[in-house]
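Chain lettering (A, B and C) follows the sequence in which the chains are written, and residue indices restart at 1 in each chain.
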Amino acid sequence: MHRVMFFVIGYCLLSVAMVPTAAQTGSVEARLRSLEDKEQIAQLLIDYGRHLDSRDLAAYASLFATDGEWVGGFGTVKGRSEIKAFMEKSLGTGPNRGNSYHIMSNFAITVKGDTGTAWSRWTFVTPGERGATIAQAGRYDDTFVRENGVWKFKKRVASNDTAPPGK
Amino acid sequence: MHRVMFFVIGYCLLSVAMVPTAAQTGSVEARLRSLEDKEQIAQLLIDYGRHLDSRDLAAYASLFATDGEWVGGFGTVKGRSEIKAFMEKSLGTGPNRGNSYHIMSNFAITVKGDTGTAWSRWTFVTPGERGATIAQAGRYDDTFVRENGVWKFKKRVASNDTAPPGK
Amino acid sequence: MHRVMFFVIGYCLLSVAMVPTAAQTGSVEARLRSLEDKEQIAQLLIDYGRHLDSRDLAAYASLFATDGEWVGGFGTVKGRSEIKAFMEKSLGTGPNRGNSYHIMSNFAITVKGDTGTAWSRWTFVTPGERGATIAQAGRYDDTFVRENGVWKFKKRVASNDTAPPGK
């Protein structure tokens, strides 16, 4: 029985011996969590454009935290239902007939515990009679919060590098 | 010897104690696999554009499952060799002289076991005498299958948000 | 005491039993490291454009290895301070008044130990009076090296698919 036990303990030691290597820049759990957090926040950045472009403004507003805030060319608005109403007013409640869309790119995401920040680029494309043109472009500066286990926009600031809408 | 054993067992317990935390949203294995699957599928989406734009249509066709299907502006085609022949007919077998290319963006990937789905955007750019223009743009709706351990397109539906080719 | 010990050993065995599954395509450590390496290199590709577009040429040059090299439409240059001086000469030392920017996309990254390679696309956008246009576009072929634990450009070759600047 002792031989078996030593064998078992040998395996345990092997397992333990791997921990310091795995923990080279943090525990396996912390490293996995960091990768998952960035993946989930990247998905949030993509869902923002997807729901906006498909005019699913209920799904769009749900990407914000309870007290989430949006700041951009249309103005400033805070709170999920307020954001939804604000975008309905700015974009209308009908479908996106022109098939305009956002290319989301250049994500620079940082995470610390249950908060995070991101910088990214948006390129707003509008199809025309022949091909498509870039109608607007700019940057996003975001802060995030993990609310009930899900990453949400705490504040999104959309800056324009081209003339804002209506100008 | 008992002191050593308790020491060893103490380490084992420490290791065991970390498992529940690590398994907060699944086992380490499941979480790693999920991240890897998404990374591999994202690479598949990128390789699609890369091989298409470089006119490596053999490599392009190899990205599809054995019974993989392509649906888009050129028509519908099923099977690897059929897809290769179809694209050779649609695009020609010569080099991509115009250096046209696809910007692949906004990947929304979901995985369940050995199957997966994705939604993404494509922006087709054609260089001209001065700079480049967006000649076409649209979306991809994909289903994937893990075939012999490698993710492949089961079905790719390419939708156009601009006029399709030849219209 | 023996009951407790068997209980403990049982847990250890359980933990050990999970290792072969986890190691399906390498150890947990190797798999985590692979995902982290690709994530860090993707960030390097994004930081390149971010620092270049914001004209933070000191931060830009710091992304290269000590003997890092840049090859592109402006010419060829090697060494961090040389790269900084070269870009200052090519782009000027003032702010980026036109708000031009790079869309970085289609990252294909491979890593082997402390070296890596990548292929990716760049689309250079210049805002105008109405919307924005693609002024240039091309590809990057990169080699990387992990220097003091941080991924750096060993060599970046920027190819143009449109006419290079000044042509």
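Note that in this section contacts are C-beta pairs under 8 Å (C-beta built on N, C-alpha and C of every residue); 3 or more make two chains touch, one makes a residue touch a chain.
None of these values were measured; they are calculated from a predicted model.
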With a Cα-based fit, what is the angle in degrees between subunit A and its identical partner subunit B, given to the nearest 5?
120
Counting residue numbers used by both copies over all numbers at the interface, does the subunit A-subunit C contact come out same (over half shared) or different (under half)?
different
Just curious, how far off is subunit C from subunit A if you go by their C-alpha centres, in Å?
20
Could you list the positions in subunit A whose residues touch two or more of the other chains?
9, 12, 15, 28, 32, 35, 103, 105, 133-134
Per the touch rule, the subunit B residues reaching subunit A in their complex are 5, 8-9, 11-12, 14-15, 18, 21-22, 24-25, 28, 31-32, 35, 38, 103, 105-108, 119, 121, 123, 133-137, 161-163
Once bound in the complex, which stretches of subunit A touch subunit B?
9, 12-13, 15-16, 19, 27-29, 32, 35-36, 39, 43, 46-47, 49-50, 99, 101-105, 125, 127-134
